[in-house]
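Below you'll find a set of structures to go through.
Look for chain A in each of the two complexes below; its partner is chain B in the first and chain C in the second.
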Partner chain A sequence: MRRVLSVIAGLIAAALLWEGYKAAGDPEGTVLFGVRVLPRADDLSMPHLWTILGRLTDPEMTGGRPVWIVVLDACLFTLGITAAGFLAGTLIGLVLAAAMQRFRIVERGLLPYVILSQTVPLVALAPLIAGWGGTLMPPWASVSVIAAYLAFFPVAVGMLRGLQSPSAAGAELMRSYAAGWWRTLVKLRFPAALPYLFPALRLAGAAAVVGAVVGEISTGTRGGIGRLIIEYSREATSDPAKVYTAMLGAALLGLLVAGAVSLLELPLMRHRRHVEVVTL
Partner chain B sequence: MKLSRIVLASLLALTACGTADTPSTPAPGASGALTPIKLQLQWFYQAQFAGYIAAVDQGFYKEQGLDVELLEGGVDIVPQTVLATGKADYAIAWVPKALASREQGAGITDVGQIFARSGTYQVAWKDSGITKAADLKGKKVGNWGFGNEFELFAGMTKAGLDPSKDVTLVQQQFDMQALLKKEIDAAQAMSYNEYAQLLEAKNPATGQLYTADDFAIIDWKTEGSSMLQDAVWANTEKLNDPNYQAQTVKFLTATIKGWAYCRDNPEKCRDLVVAKGSKLGKSHQLWQMNEVNKLVWPAAGAGIGVIDEAAWKQTVEISQTTKNQTGDTVLKAAPEGPAYTNDYINQAIAQAKAAGVDVTGSAFQPATVTLTEGGA
Partner chain C sequence: MTAVVVSGLTKVFNQGRGDEVLALSEVDLTVGDGEFVSLIGPSGCGKSTLLRLIADLIEPTAGTVTVADRPAAQARREQEYGIAFQQAGLFEWRTVRRNVELPLELRGVSKAERRAKADRMLELVGLADFAGHYPGQLSGGMQQRVAIARALAVQPPLLLMDEPFGALDEMTRERLQSELLSICAKTGTSTVFVTHSISEAVFLSDRVVVMSARPGRITASIEVKLPSRDEAGRQAPVYFEKITEVRQALRA
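Entry: the complex of A and B
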């Protein structure tokens, strides 16, 4: 109950800040020494919240569906892409982490490339992956690949730290039980890695959303919220409130994914006590 | 130790790239089945590509034994690169940008210059007194950059201005808000898109939409610095293959029919574009259809798509000599090899003519389109 109240309070604070700045800020923006320090507060740059909300209920185009349905539809589509990318990325991350934990040589050889992989700009990557579509892959799947590409990284790095976290005493104890690598992984290392996994998963969730939205913008894949943002932003000249409806959709998507990832923790939470016993 | 070596080897194998095979073009309609063709567009579906959309919808490509799939563009999709890497069979691209890619090694040839004229404007407020390139002196001039700015720079240079000194250049977003907010004095705009967006916006002072009387247009066609835009590009290497040659003629024949159809049925083509899921509204698409028709029709000479040598020369010359704000030119040298050919478009025109299509549209009269708020 308190959580719900604090969320509502946060929303109200954000709304007050927006409208407050609109009321108090200079419509032309504040420019100091030729550098803009505060944005414009005019209706073209910052439409009133009620204009944006009103735009949500108006039809997208004459005779079309209301904007909120279009935005929600796009959010669901991108949520699917994000989920596919997140799952694939997490799986790849877990496998890589396990391989790097098992073989020192893999860690030494692979880890630099795992880190390097995230320095490749998406704009260079997206057109390459876009071409994979066609008979083998529907266009949305290539966007999932981009999402997975961003999502695997925090999982691989975080999970590796987690798998390496048990003390030498713990590992030696398992050895004294004649437990093999697999059994040690399942009984000792994996439970010990959970506290490292969850923050990594949250990062991966956020990265998957960014990957999906940017991937859609980059490759022009239709149906999702990223594409909607770019299509609506072209209309910013004559219909500035419309852009913000798509932005709201993207924010909603981010919240949804963050919520879903934290739900993932619940069933795994019971291992937590287990972990503490082993690692202490 | 041995195990780790195996793992390492398999990892290396995983990272190795697959080899791409180049399938040769089957003769179109040879086996009675339709030949699949991919056409890469420059952007999302909009009336700028109505001719191709209509040719698909009206079955003009099917008549020629082709099953054409249109690939939408995106922010980072470069059509000529998609074509050169074999992910599409043909691509639509602006001539200067495609020539720049060509210089960097893309093997592509212009086989049909669908847009005979350029649709780039520089739009200013009427009360600013800007009516020609020379008036831009001392003004804040918006430009898109990324190779979309050279007509503007050539126009200013031609008018005796030094773009790096005489004007303040501002990187412009893809909407026209900067002009409406008077952050810039003149904004780059396509006649068929951004200019229409201005006329779809409400003037807060009057509560009515802005009208053409509120703005002044510098048209690079009259300033003599216009460059060729939308053209059909084909893969140069594949053009040695007689089957691809035949297919190109068939593709262009159906394309001509599509554009002729949109000239004669602009409302129908507007509906086709809207049905394709364009987010830009109906009146906006009709405006765009009408403006695009003006760039295509009437077609001089033999008919639509024939590359005019003088216009090509002007485009190449500007590409080689005009410097943008960073001092770059589009091209370093004159294009080598077969950068364009009229061989296939002339055959296509002959075939379309034989089928009773008006390929010059000499009687074409543009319509007057009224825009509504937001283009809805």
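Entry: the complex of A and C
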């Protein structure tokens, strides 16, 4: 109950901030030394919240479907791409982390490239991967590849740190039980890594959403929320509220993915919830 | 059959580097079947190192270790021993019961049997009511008792203990000492027990092995024959005589 209330309070605070700035801010934006430091607050740049919400129920185009259905449809499409990319990225990240933990030489050789991979600009990479769409794989899958490319990184780095987190005593104990690498991984290293894995999964989830949205735009894939943002922003001068409906959809997508990770965390991190120490 | 035979054992850490340390030098030790042997000595005398060599957790630089007439590595693979360290080292994501079950789990013991054994061990260390708790909810002493229950769970022929009671209060310590002795007597378990405490070593052991530091070597081996190992034993003249003997050996 308290959680629900705090979520509602957060939403109200965000709405107040938006409308408050709109009421108090300069419609032309605040310009200091020729640089606009605060955005314009006019109706064209920041439509009223009720205009945006109202736009959701209006038809997309004259006689078309209502905008909220179009946005929701696009969200579902992108959610599928995100989920595929997130799962693939997570799997790759986990395997890389396990390999790096197992073999020191792999860690030394691979980790720099794992980090390097994230410094390659996505715009440079996207056209190459987009080329795979339609030949090697369906176009949506090529967008998933981009999402996975962004998502694997936090998982690989976070999980490696987590797998290395057990103390030497824990590893020795497993050795005394004659447990090999695999059983030590399953019984000791993997459970010990969970507190590191979940923050990494949150980052990976966000990265997968960004990857899917940006990937859709740069590969020109139709049907998703990324494409919708681009399409609607072209109409921003005549219909400024419309593009914000698409952005709401993208935000919803992020929340969904974060919620999914939290659901996964609940049963696995049960031991962290009881913290009262019995002293007998 | 002898539980442990150590001969000519030498351990050098960081060999050939600037921070080379000679931890053990030419150590010979035999632990008979069912015998309780304590290793006592100043910090840095290599008693923990000796224990870890017997457990095949580290490799000797020279010399051999035989456990239950087998090379130490083979004995470890065949799980001839149970081990308890100074730190409890429990897995925080497992309940107390599942921590005790861990070695049984790795041996492929069935679920029902695992549970029964774990519960019996927890009862032994007085933690039956905390089987469902997580280690993070227990005090340090209670965690240590769980670790001892875990070492005993597989009822190994050899117990290796590295100052397992170091973190406990005197009352719990004495109770667990008695429990340990009764378990060892009942099951015929041989024990190698590392400790700092002279009185603990004398009370528990058939033999107290005194070590000196730098390089670690055995300087004395003192047979202890207490009339009984209970309150009467703790007040017997021979108990105090042996304490004095060990103390003098440590000073020598």
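Remarks
One rule holds for everything that comes next: the second predicted complex is superposed on the first by the 267 of 280 C-alpha atoms of A that agree within 3 Å, B and C clash if a C-alpha of one lies under 4 Å from a C-alpha of the other, contacts with A are read in each partner's own complex, and residues count from 1 in each chain.
Keep in mind that, in the parts below, contacts are C-beta pairs under 8 Å (C-beta built on N, C-alpha and C of every residue); 3 or more make two chains touch, one makes a residue touch a chain.
This is a predicted model, so every value here is computed, not measured.
Contact with chain C, but none with chain B, is seen for A:R183 once the two complexes are overlaid on the shared chain.
Of the two partners chain B and chain C, more chain A residues are in touch with B. Of the two partner chains placed by the overlay, neither chain B nor chain C lies in contact with A:T78. Of the two partner chains placed by superposition, only chain C is touched by A:A169; chain B is not.
By the touch criterion defined above, A:T62 reaches chain B but does not reach chain C. With both structures placed on the common chain, the touch criterion links A:T245 to neither chain B nor chain C. In the superposed model, A:R234 lies in contact with chain B only, and not with chain C.
With the contact threshold set out at the top, not one residue of chain A is in contact with chain B in one structure and with chain C in the other.
Residues of chain B touching chain A in their complex: 3-4, 7-8, 11, 43-44, 72-78, 81-82, 85, 87, 174-177, 180-181, 194, 197-198, 200-202, 204, 277, 279-282, 372-376. By the touch rule above, chain A contacts chain B in their complex via residues 40, 42-45, 60-62, 99, 103, 105-106, 109-110, 123, 126-127, 130-131, 217-222, 228, 230-240, 242. Within the complex formed with chain C, the chain A residues making contact are 167, 169-170, 172-173, 175-179, 183, 187-188, 191-192, 194, 271, 274-280.
By the touch rule above, chain C contacts chain A in their complex via residues 52, 55, 57, 76-79, 81, 83, 85, 87, 89, 91-95, 102-103, 105-106, 130, 133-134, 136-139, 142.
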